[in-house]
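Just below sit the structures, each encoded as structure tokens.
Same chain, two partners: subunit A is paired with subunit B first, then with subunit C.
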Partner chain A sequence: MSTFSFISPTTWRCAPCNGELQPEKVNVSYMGSIFTVELMVCPSCGFVLIPEDLALGKMHAVEQLLEDK
Partner chain B sequence: MSIDHQHRILAHTRSVCPVCLKALAAVRRQEGEAVFLIKNCPEHGEFRTCIWRGSIPMPSWQRPKKPSAPLAPVVVTEKGCPFDCGLCSAHGQHTCTALLEITARCNLRCQLCFADAGSGAGQDPGLDRLAVLYDEIMRAGGPCNIQLSGGEPTMRDDLAEIIRLGRSKGFPFIQLNTNGIRLGSDPSYALSLQEAGLASVFLQFDGISDDVHEAIRGRALALIKEQAIVHCGVAGLGVVLVPTIIPGVNTDQIGDIVRYGLRFSPVVRGVHFQPVSYFGRYPSPPRDQDRITLPEIMEQLARQCEGEIRTDHFAPPACEHALCSFHANYLLQPDGSLRALGAGGQACCHPSDAGAPSPTAMEGRDKSVSFTARQWAAPVVCDAPENSAAPEDELDIFLRRAQTHRFSISGMAFQDAWNLDLERLQGCCIHVMSPAGKLIPFCAYNFTSSEGGSLYRMAEAP
Partner chain C sequence: MEQQLLRTLEATCIQEELPFCTAACPLHVDVRGFMACLAKGDERGARRVLDRTMPFADIVGRICDEPCRQACKRSEVGDPLAVAALERHCVTSTAAVLKLTKLPDREGKVVFFGSGLASMTAALDLARKGRSATILTTEREIGGSLRRLGEERLPLAVLDAAVEQLGSYGVNIIFDCQMDAEFIEYTLNFYDAVFMDRDWSAIDDFCLDCRHPNPLSLAVARPGCFTGGGTGPNGYSVIRQVEEGRRAALSIERYLQKVSLTAGREREGACATRLFTDITSIEPLSVIAPADPAAGYTVEEAAREAARCLQCQCLECVKQCAFLQAFKEYPKTLVRKIYNNQAVVQGTRTANTMINSCSLCGQCTLICPHQFPMAEVCVTTRQSMVLDATMPPSAHEFALQDMAFSLGSEAAMLRHQPGKSSSRFLFYPGCQLAGSAPDLVEKTYLHLTRHLHDGVGLMLGCCGIPAHWSGRQELFAATMEEFCTAIQENGNPLIITACSSCYVTFKEFAPQLQIRSLWQILEEIGLPAGKRAPLSQPMTIHDPCGVRKEPEIRASVRNIAGQLGMNVAEQPFSGELTDCCGFGGLMQFANGPLGEQAAERKARRSSLDSLAYCAMCRDNLAASGHRVAHLLDYCFPGEGLADPLLRPNPGFSGRHENRARLKAQLLASLWQETSALPLEHKRIALDIAPQVRELMEKRLILEEDLQKVLLHAELSGRFLEDPHTGHRLANHRPVRVTYWAEYEVRDSGYRVYNAYSHRMILPERKTA
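Moving on, here comes the complex of A and B:
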């Protein structure tokens, strides 16, 4: 089973390195919880692209669940 | 020169004399691992009550909030706290949950009863009067959460109509505070309440064995409680187990109660512990060994659920006064293990965060209202994504599981005449709608003098 469904070709490039992004497993952590997902990453400097729909969608939903009342 | 940190005053506050209920200056004084509330009545002498005990230091248990006065104060502040409740303009928190006591009748005779139920129960308020009281809650507190209480609310045959009335008045979340006897006895009853708009059942649940129920409630209730949970599950009602914890009676079942609740997840949404308080006639003060404090319950949870629950999972509340409660949220994973959600106390304001502005009490109240409604109702399961063949990542798996199997563990310490701290009372967010139409902080409504006298319960005419 893939760990992430958001890897897809992208026109975004890494600004400092001007390199193409490649899929890579990344640990995202929030309030003590860690999730391993695949994201588009700059192979030289490690810059990670988080697409807007992921940030405002699933990631936001997870953050809300983890946030303290 | 040295300072003895083992014996020091942590704070100055106010309280009342447990005998004459006169307002008094009081201190919270640290003595070793315990903190005492100490006050001195010129007529009745000194009273010392243990209010905090254990390895979690009281000074670390903070969650500052800017007090926020009632939007529509009903009572003018004249005599000072706690004599002007209604609410008065000096109150520091809005209504998160309003309790509506719909009957004084009860089918149990518990020794420990907030409501002194069953004794000389008067006439139940009619639907017309309850409509007025709902309106008054809405006017004073807005669309807060409602808890129907008593007495035992299921003694009323028109309970479904009362629920329907509350929903029609604009209250989105209605919870039933019950001993579960009727829910357990009648398989169709839970569904009739759910169809009327009930979301959640606050189920009195003191232990997993009949000896505990017999000791506290005078009846073997283990089977009927389980039947109540099963019936609620079939009906789509969320259930919160609510144990009253009494030293020497059920402290050894704290972990068992959590494990029992987890067995019935997701129907059981969480466990809400309440340390015993002392209401009614007490010629001599309750002994400190007859009390259990919040940090002691957190420590027992960690000890009795070793490896799953840690004391640093727990955080002080955003809504009520920090010293009134603790809570932690978990994900029950498919393998039966618990995963702590959030960052526990680390997420909250610590003294080191002094530079950050405190949120307002209203912000904390709003968070609590929505969290409670979400967590304590039956889970809402979203439809599967359109493309169900798409692979799931760890975020998807977490989100899907958390929709159903999030489990809350919390505790709230009510105050009696001996440990009453007026700073805590002014931060109270749980308010009883009195028969006369005033919102009274829960502990102000229920505490009694050592002679059994009350400031508000039965003291006002509708």
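Moving on, here comes the complex of A and C:
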């Protein structure tokens, strides 16, 4: 399965690690389905950034789709 | 849903019933569609409608005896449509648009004696089906009686064109036949079926049988023989020739296919229709006659006359319902979509949101001429979705958590009146009044304790109706059972409900309980004495959908408003026809934008200030920006000058807060009990701008959810930070939803700039 990418430069930095977020492939899941997506992540602690537009846009659409499956 | 139930439900909705004109027409010409085309000047479109159903539109369109006109609904509000004159206009000013297809040739040879319009029709219909058709006539031309109508009514050139048309479908016409009994008998040996056109006057000399055909099939005693057409008791009717020709052709086709000649033919020919069309607000209009009667209609005159057509349909429910309008459905199409949705095994169930969007308010059922049970269909569908685990989790989760909160330790309580050890009465304000106006709950309770004797207990909680609306039968049954047990353990007091939804829920699902509406009680015991601001401005009452079938409660409310000196002006969609505010059926949770539309629609029924007596109606109408007060606001006016019409919608967080505070405050002030310490996250002080609050409301995010995010972030030290703005961004997933908060740490607490959520689960963080 191809990896969807939602990476874009961000001014958010990981506070405890004091580092920049970097593109990384991570697994997200809902209703038993797992997707590999590329997101902005803190490379040391793994904090994943989900920006507002992604949460309310594409991610919400996929959630709805899975709920209707 | 079983298929049989689907069929019954589909048949209950009459929107797809034939319009009155089409039902009265033996050919079922789509007169309504014809008029719609003409009205917009689409002459070719109108002609296409005729070509589709009329076997010889150039003939029938000129001289039809228009039985439809008698049935025209317009005749109840003005003159019936001039259908025949418009058809004549159409066929004389346009050429045929549609040539109907012909199936490949098949076996089965049919002979037609006589060449009247009935034979012509039957021969054309059967030739189109690929049967070999031969017309035998003693005359030199076809048409029979049609030839004697006169050139003005029917030019003979039109009949010549019909010969060509028949030829183009392969119909063989043999003129100048010398016919006698022997010839007929001999001919019959070569054909599989025969049609005797009674327009041929000599027919009775050869076929005694032909006088008594079966009315449904037009079959006579001899197998394979059919008859029709000719002059009937009311003279020569053009449409009767076509009708019987067509009926006989269908019978012959059935005969050749060796199937029943009569089964399932009830709706052939002129038939009854169950369509309902409301004409109460239709202006009467007289017929538009052509300026030059001899020349007939001009295109413009025809358009004006056709525009008088009412375009009969029902849609009574759709006209009033925000839900049906939003989904562009009427009950028949809706129930089919529900059926198909449930039949999906693998794939997307596209109707889930629709099923969860109905407010279950019952307005449509009351409006429907056949009481279509929309709420019942939707709620039982939701129940089966829950049972087979296809209910989308996000649809009702927020509302069910809200219900759990109202029933939980922070908000729920049950006590006898202070100083009493039993209760003859029990005040049950309901979760929404407690959430919307906790001060009114307290004032009402104190008033009740002063005027009712032998103890008035108080119970804060939730009747459980959200569980029922969301299809959670088990949860609803458990909630109801717990409630009933509590009531029983407290000596079965008479329950006084302030919320009409609680009232009807208990009445329907716990009929053994004694319940009365607060409004009936207040009407009896009277209102508190005291000064009230004079109310001069007229207001309209917005009844909640819960009291649709409770006229006594509605009357009590009006009496109380009268006692308060209120000037109430009724609007047409109150009482049993009242709209839902968007809360019913959990509409606003499953479909936020539709919930807002429903509230807006209810509010706009009147331009006056609104008086509600359901807390949810009040809050939703207030949220849509309308001036609305609760009846209790006027029964128990506040000390200050605050206008109850301007009281804002508390929102979901505000309602939680209000319920919790109400319990703590009443326990402290009336029962001298101290509540448990607030939960840890409740100590997080948030500063939320109004526009962020509005976002949270739409996104179903509670203040408490953000308090948990912040507590979690600040305790763990895990959050993102933007060095330019100094804002922090953190998330937390208490149960199934991940909440995000963008905030800033201030001396006084936390300033919140944004909040959003998702349900997708993120990976666990890496461990150091």
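Just so it is clear, the second predicted complex is superposed on the first by the 63 of 69 C-alpha atoms of A that agree within 3 Å, B and C clash if a C-alpha of one lies under 4 Å from a C-alpha of the other, contacts with A are read in each partner's own complex, and residues count from 1 in each chain.
Throughout what follows, a residue touches a chain if its C-beta (ideal position, glycine included) is under 8 Å from a C-beta of that chain, and two chains touch if they have at least 3 such contacts.
Please read all numbers here as calculations on a predicted model, not as lab measurements.
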item: More subunit A residues in contact [subunit B versus subunit C]; value: C
item: Touching partner for A:Gly32 - first (subunit B), second (subunit C), both, neither; value: first
item: First (subunit B), second (subunit C), both or neither touched by A:Ala61; value: first
item: First, second, both or neither for A:Leu49, with subunit B first and subunit C second; value: second
item: Partner chain(s) touched by A:Thr11 [first = subunit B, second = subunit C, both, neither]; value: second
item: Those residues of subunit A which subunit B touches in one complex and subunit C touches in the other; value: 31, 59, 62, 65, 67-69
item: Contact set on subunit A toward subunit B in their complex; value: 1-6, 31-33, 35-38, 58-59, 61-62, 65-69
item: Subunit A-touching residues of subunit C, taken from the complex the two chains share; value: 347-350, 352, 392-395, 699, 717-724, 728-729, 731, 738, 740, 754, 756-766, 768
item: In the complex, subunit A residues that touch subunit C; value: 11-16, 21, 26-31, 44-50, 52, 55-56, 59-60, 62-65, 67-69
item: Residue ranges of subunit B in contact with subunit A within the complex; value: 315, 317-319, 327, 329, 339-344, 346-348, 367-368, 371-372, 390-396, 398-399, 402, 406
